[in-house]
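One chain, chain A, links the two complexes that follow: it is found with chain B in the first and with chain C in the second.
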Partner chain A sequence: MHIPDGFISPQTYLPAYALAAGLWGYAARRVHRQLDADTLPFVAAYTALAFVLMMVALPLPGGTTAHAAGIGLLAVCFGGWMAFLAISLVLAMQALLFGDGGITALPINALAMGLVGSFCALAAWKLLTRLHETLALFLAGWLSIVVPAALVAVVLGMQPAIAHDAQGAPLFFPFGLSITLPAVVLPHVLVGIAEGVLTVLGYRYLTRLRSRLAA
Partner chain B sequence: MTRLSFITALFCLFAAWPVHAHDLQHSVDGAPAVVIKLFYMGDTPFAFEAYEIYREGEKLPYQVGRTDSQGRIAFLPDRAGAWRVKAFSEDGHGLDFKLETDTAAVPSNTEKPAYERYGRIAVGVALILGLFGLLSLYARRKKPQ
Partner chain C sequence: MNRDRLLLCLYLAGILAATLVHDPVWLGAGLALVLLLAGGDALRLLRRALLAILAFNAIISLSYALMAWWQDISPWLTLVRLNLRVLLLTSLTFLFIARANLFRALDFSKGLTYVLGLAYSQALTFRRAHEDFRLALASRSLRRPSLMDRYRASAAAASWYLEKSLHAANQSAQALRSRGFFHD
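This part shows the complex of A and B:
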């Protein structure tokens, strides 16, 4: 799902950087107030897990690959703002160390996966957890992948309309929405299942571990 | 009459000359090429995907096409210098990197990541854990037990 460098126009990534910078600052203030030394090792472990998950590409039909991300898991375990910062950190490290997801695309990846993904997961979990906790956790994980994928597809698909030369040839990503939406979203509908299962298992494990440590 | 036939035949021959431009010919030759292989982690090839190659600083591509079934691009540089390679799939995967080559298609100074991939995963995990370790220390100092 990460957008590489060279695919996004400055007209898109500069405003995205401004928006993301403001939200990173706000999230840091929110998280700082709730900073808890007992929770941080768990956040560290799940952030590291998210980093590793994003490096492991799953081959999908059609020759493409996708990966789970641990976004829903971070969101339901530690809250939306912490998840936003943790996923942003992972994305920044991937861009700097691996070239996975570009520096120019970082704010778009962070806003789509870190912010929108986390808060979609959190909303699904909070709305449905009283009805059926397992279903709520699964949907949280599923939505945390599928909604950001749709957002990334829209941003990519809009590039030919946003940035093109005098002849109308795209200057950055060349495919329009009719191509990007199915190409990006459909594989992630499948990956969302893995993400949903991961969220259920990861949340249950953390709850058990915390109660065992508290006893 | 014979003369008239000859002139008519000559006219037809010249009138049909532009048709020869559509008679596509081919030659087969071996030449040194730069071969770029694109693949996902786990060696899954980036097969049949679009790519563009540009001479440094130019906006019109030098070569466009699709990778082969093994995820490879072969191109023959017409001069020594830097080249920009862009490859992209419809689902947003891709790369945009530079390489340098001489006229004999020997690449040099290709942009390579600083660490090998698996090593870098370990470095990434260590960095994350280290960063959160520092945050933990800070949080403990902030709220002494």
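This part shows the complex of A and C:
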């Protein structure tokens, strides 16, 4: 789902940075209210956890693998703003410390995966958990992948219309919405199933672990 | 302004410039400048950048060439511009990572530096552990592991990461509290 550098026009990433910066500031203030010796290391730990969850390969039938993101799990367990900050920090770390991902794509990825993904997951969890907890967790994981993928597909697909030369040739990502939407969203509908299962199992495991640590 | 913050500002200005320029000649000149700045590491930097972008750019370029052929338009300018820009941006990022210390560049915020430092050190530990888990599965399997074996291995790795991150958070909290981090 990550967009590498060079495919997003400045007409897109500069406003996205302005929006993301405002939201990062707001999220930091929200988290900062609870920030003390207990919460600060937890932000770091969740960031490292999100980083490593993105490295865990989820095997798919046929020999291929997809990568977990852990967005749904982070949002359900630790709240939307914390998940947004953790995912944004992971993306920044990947771009600026490990050279993976892109600095121009960072705000788009952070807004899509960190903000929209986290809050979609949280909404599904809060709305459905009283009806069926497992279904709510599964949908939280599934939505945290599929909705950001759709958003990323829309941003990519808009690039030829936003940035093109006098002859109409694209300056950045060259394919329109008719190609990006099916190409990006359809595989993520399947990846979302694996992410949903990870969210259900991860939540159960984390709940058990927390009660064991508290005891 | 310290050296690393200056490098960060120059890097961000370079990124912006590389996305505002659309002439392949200028993009090529930018890439040549980055390689010149890399000095003796130029070839290694170029190789690393090429490997990093190879898979994604090959798919995009081939698909676009096919679409252009189908629509009877020339794809060359778009393909050269796109690939040069991506290569320039990736090389610039790798050069920045090699030359600058991000932690010193961001030291205007104590909280941000601490979170980034803690997260980075744990991420490095986890990355090493991830490689160890992968090698452990490979070394204990005579044949290619089955789908179920790979599920079990992924689940075991994920549960180790969850447990480790909770323990690490508790340990860091105790360390910060004992050193009076929040009362400095």
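As a convention for this text, the second predicted complex is superposed on the first by the 186 of 215 C-alpha atoms of A that agree within 3 Å, B and C clash if a C-alpha of one lies under 4 Å from a C-alpha of the other, contacts with A are read in each partner's own complex, and residues count from 1 in each chain.
The criterion applied here is as follows: contacts are C-beta pairs under 8 Å (C-beta built on N, C-alpha and C of every residue); 3 or more make two chains touch, one makes a residue touch a chain.
This one's a predicted model, so the numbers in the text were calculated from it and none came from an experiment.
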Open item on the list: Contacts for A:119 in the overlay, against chain B (first) and chain C (second): which applies, first, second, both or neither?
Closed with: neither
- [ ] Would you mind checking which one, chain B or chain C, touches more residues on chain A?
- [x] C
- [ ] Check whether A:48 is in contact with chain B, with chain C, with both or with neither, and answer first, second, both or neither.
- [x] both
- [ ] Please work out whether A:10 is in contact with chain B alone, chain C alone, both, or neither, and reply first, second, both or neither.
- [x] second
- [ ] Once the structures are superposed on A, label A:103 by its partner contacts, choosing first (chain B), second (chain C), both or neither.
- [x] second
TODO: For A:84, decide between first (touching chain B), second (touching chain C), both and neither.
DONE: neither
- [ ] Look at A:206 in the shared chain and tell me whether it touches chain B only, chain C only, both, or neither; answer first, second, both or neither.
- [x] second
Task: Which superposed partner A:180 touches (first chain B, second chain C, both, neither) - done: first
TODO: For A:153, decide between first (touching chain B), second (touching chain C), both and neither.
DONE: first
Open item on the list: I'd like to know which partner A:95 touches here: chain B for first, chain C for second, both or neither.
Closed with: second
Task: Contact residues common to both interfaces of chain A (with chain B and with chain C) - done: 4-7, 35-37, 40-41, 43-45, 47-48, 51-52, 55-57, 59, 89-90, 93, 97-99, 102, 165, 173-175
Task: For the chain A and chain B complex, residues of the former touching the latter - done: 1-7, 35-37, 40-41, 43-45, 47-48, 51-52, 55-57, 59, 63-65, 89-90, 93-94, 97-99, 102, 152-153, 156, 165, 173-175, 179-180, 183-184, 187
- [ ] Would you tell me which residues of chain C are touching chain A in their complex?
- [x] 12, 15-16, 19-20, 22, 48, 52-53, 56, 60, 63-64, 67, 73, 77-78, 81-82, 85-86, 88-90, 93-94, 96-97, 102, 111, 114-120, 122-123, 125-127, 129-130, 147, 150-151, 154-155, 157-159, 161-163, 165-166, 168-173, 176-177, 181-182
Task: chain C partner contacts - residues on chain A that touch it in the complex - done: 4-10, 13, 32, 35-38, 40-49, 51-53, 55-59, 61, 68, 89-90, 93, 95-100, 102-104, 165, 169-175, 198, 201-202, 205-206, 209-210, 213
- [ ] Quick one: which bits of chain B touch chain A in the complex? Just the residue numbers, please.
- [x] 40-42, 44-45, 47-48, 50, 59, 86, 88-97, 113-115, 117, 120-121, 123-125, 127-129, 131-133, 135-136, 138-140, 142-143
